[in-house]
Amino acid sequence: MSSPPIVEITHRAEFSAAHRLHTAALSDEENRRIYGPCNTVHGHNYAVEVTVRGPVDARTGMVMNLTDLMRVMHEEIISQVDHKHVNEDVPFLAGVIPTAENMAVAFWGRLAVHVDAFAGSELHCVRVVEGSANSVAYHGPSAR
Amino acid sequence: MSSPPIVEITHRAEFSAAHRLHTAALSDEENRRIYGPCNTVHGHNYAVEVTVRGPVDARTGMVMNLTDLMRVMHEEIISQVDHKHVNEDVPFLAGVIPTAENMAVAFWGRLAVHVDAFAGSELHCVRVVEGSANSVAYHGPSAR
Amino acid sequence: MSSPPIVEITHRAEFSAAHRLHTAALSDEENRRIYGPCNTVHGHNYAVEVTVRGPVDARTGMVMNLTDLMRVMHEEIISQVDHKHVNEDVPFLAGVIPTAENMAVAFWGRLAVHVDAFAGSELHCVRVVEGSANSVAYHGPSAR
Amino acid sequence: MSSPPIVEITHRAEFSAAHRLHTAALSDEENRRIYGPCNTVHGHNYAVEVTVRGPVDARTGMVMNLTDLMRVMHEEIISQVDHKHVNEDVPFLAGVIPTAENMAVAFWGRLAVHVDAFAGSELHCVRVVEGSANSVAYHGPSAR
Amino acid sequence: MSSPPIVEITHRAEFSAAHRLHTAALSDEENRRIYGPCNTVHGHNYAVEVTVRGPVDARTGMVMNLTDLMRVMHEEIISQVDHKHVNEDVPFLAGVIPTAENMAVAFWGRLAVHVDAFAGSELHCVRVVEGSANSVAYHGPSAR
Amino acid sequence: MSSPPIVEITHRAEFSAAHRLHTAALSDEENRRIYGPCNTVHGHNYAVEVTVRGPVDARTGMVMNLTDLMRVMHEEIISQVDHKHVNEDVPFLAGVIPTAENMAVAFWGRLAVHVDAFAGSELHCVRVVEGSANSVAYHGPSAR
């Protein structure tokens, strides 16, 4: 019997948040030079796109039930960051400079254990989209 | 000789800003009840779409030079609100509850005199887009 | 004291549905000639965009609370048609040929009384979007 | 018996074309000053959105058969301008400065008689979209 | 002489279809629990994005003529599924639970031999997009 | 101490250009047969999406400062091709058949040295988007 096809499924969810790029490790002047206009409080309609990879279950025709993926994403990410000031109001981002890069890595940390709990599925990519021109993608700690 | 055609031109520009819906005229509880999750600081990638209406100049084929419209929108709106916390950092929105409705009316107030200074052109509509699901449109004080 | 500005607010919601364009008033051949490929069961990701028009409340900065508009749209439209076969599963469309035109008119009939119940607001437009290339707009029975 | 609802239907079609904004009525220097970077040959993926307005036919549930509107748009516009240099290769634009304003007016001239030939339908708006930031709309010679 | 660059080209086509997620292998109750609202007939505007990978032909500057790719996609996919009820009207999906995962795998099966017939080209990815929030990607049977 | 996460950041910029697919290496008839409607001068709103890959700097939370990436893209690509006829007005494309494939490879050649000059960053992908239906991606000369 042939092995089942390996497919990637992606779900996109949106949230609106304020953030400011600033680190206490640098002087105010260096903060302004490095982060430019992002050094002041502003905001975005973010999207987070989560990709899960795994074999298609021959009985259901699904890699992972989309309802489960949506619930995990809502509980672990959206309900935590939507309509928040991410520098101040989100416990799991406390002390993190909220660049899209750091947000993607932090989101991976929240999602991986929940996604991997579903038989056969593994978290493959977390993409954070910051408006129509900019996005970042993280493929996890084993990506080299 | 026939009169020139009347055409509407629209330019869209984007900005990222933080805002919070809150008014001192109401109790904290009422603020939370009315504005819900928007009562805390969050943010959006806004778009503002400005429509100018007027006759097409037979010599240039234009209602108004798009370069002029873009410059007016940049000077009067985008440079003022982009990468800002609109409740705190924008002088012309001081004391205004920054709903999309109030922002559209305030933007009209900044733009009208500059657009109407171009012969034949008149400001026709200011639309404020707050993400993919919500927008408002204002057609000016004479709209009834 | 000047009268408050009149603003239009628009909210967009999406639903997925199957439909078939067919009428018992015509022969099968005429149905095929008029509706072409739409004469067989197929489906769309529809969007419905509802525009409400009214004065901006000076106290709240809003025409109508978006939460109320979203609730009305969900109860009257989305919960009725999402993930349905609109020819068979939607009581308020029974006997209606589900063209986008007829759906917009039917949606207006569901929404108007609820929207108009909010002081100052009136339903201004119902737009039904059937994919990226086609949409219809209905401005109500008084539009001539 | 009540009169039928009046609905607007819109179809969007896309085309790719090169153009240059330049007029022999002005000096080369004035051309460069007025049209800026648009004074040299460049190109766009244009979209044209045509809106037809009329009563919904009670028998078919349609204002105008979308197949007919698509055919008229294809024959009169898309087949003429797609993959063309509009300054040089399109007879009905010969001698026209191909601004979006002039293209919308010219398209109206090509479409109106064909759309109005369908009982009850009238051409309501021609919109020319020149990328994600700029568009123009023409409502015909009777718009004042 | 250096070897030619390897490039991936992607073409996107859209289709509208109805589907229902249901399998005779499960009880009605299990079907409802697993597939939720997707257990009833509904529909989508699907997009299928096909990526072909290969060396750029030095003579033509192309990996594969886009006209050929479009023709293959139209003949093998779009003409078969557009404006259809995929559970009932599409022979190559007979007996397949029409999840996006299974559709992507089935589309790969239809496309691969035709794409690989063009010298140097190989089918690289089939993506099925089911609205703005959900998509799946299949990289073929050798993906592990 | 654990090694820093490896993340990909992508920036998208747009430009408008005219092009014509034609090669002196073929007869006029072969040019018409191979390139079809693209054998005449037409144009597009192109987008170029550049992906840079590298470790997240623990001090700044960034792979590469987006301001630097935007400056490199503007200087090397956008300022050279925007509002140009790419067959005639762009020195680095002289003699190149301006298919999207060849443009992506040429853009890589302009960008790689500048991106790789930033410590830890490496150019990962150049995508050229030619309208909503077609795009190409190039992962560099080492992609096999």
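Residue numbering begins at 1 within each chain, and the chains themselves are lettered A, B, C, D, E and F in the order written.
Just so it is clear, contacts are C-beta pairs under 8 Å (C-beta built on N, C-alpha and C of every residue); 3 or more make two chains touch, one makes a residue touch a chain.
Note that the structure is predicted; figures quoted are calculated from it, not measured.
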* To do: Could you work out how many touching-chain steps separate chain B from chain D at minimum?
  => 1
* Fewest touching-chain hops separating chain C from chain F -> 2
* Structure fact -> Co-neighbours of chain C and chain D resolve to B
* Comparing residue numbers, which of C-E, C-D or A-B shares more than half of the contact pairs of B-D? -> C-D
* **Most distant chain from chain D, judged by the mean position of its C-alpha atoms** => A
* Could you state the distance in Å from the CA-based centre of chain A to that of chain F? -> 27
* Asked: Quick one: chain A and chain D, Cα centre-to-centre, how many Å?
  -> 42
* Rounded Å distance between chain D and chain F, as computed from the means of their C-alpha atoms -> 31
* To do: Pull out every residue in chain C that's touching 2 or more other chains.
  => 132
* To do: Identify every two-chain combination in which the chains touch.
  => A-B, A-E, A-F, B-C, B-D, C-D, C-E, D-F, E-F
* Structure fact -> Seen from chain E, its contact residues with chain C in the complex are 14, 16-19, 37-38, 40-45, 82-85, 88-89, 131-132
* Structure fact -> Listed in rising order, chain A residues that touch chain E in their complex are 2, 5-13, 56, 59-63, 65-67
* Asked: Can you list the residues on chain C that touch chain D in the complex?
  -> 21, 23, 25-26, 34, 36, 96-102, 104-105, 132-139, 141, 143-144
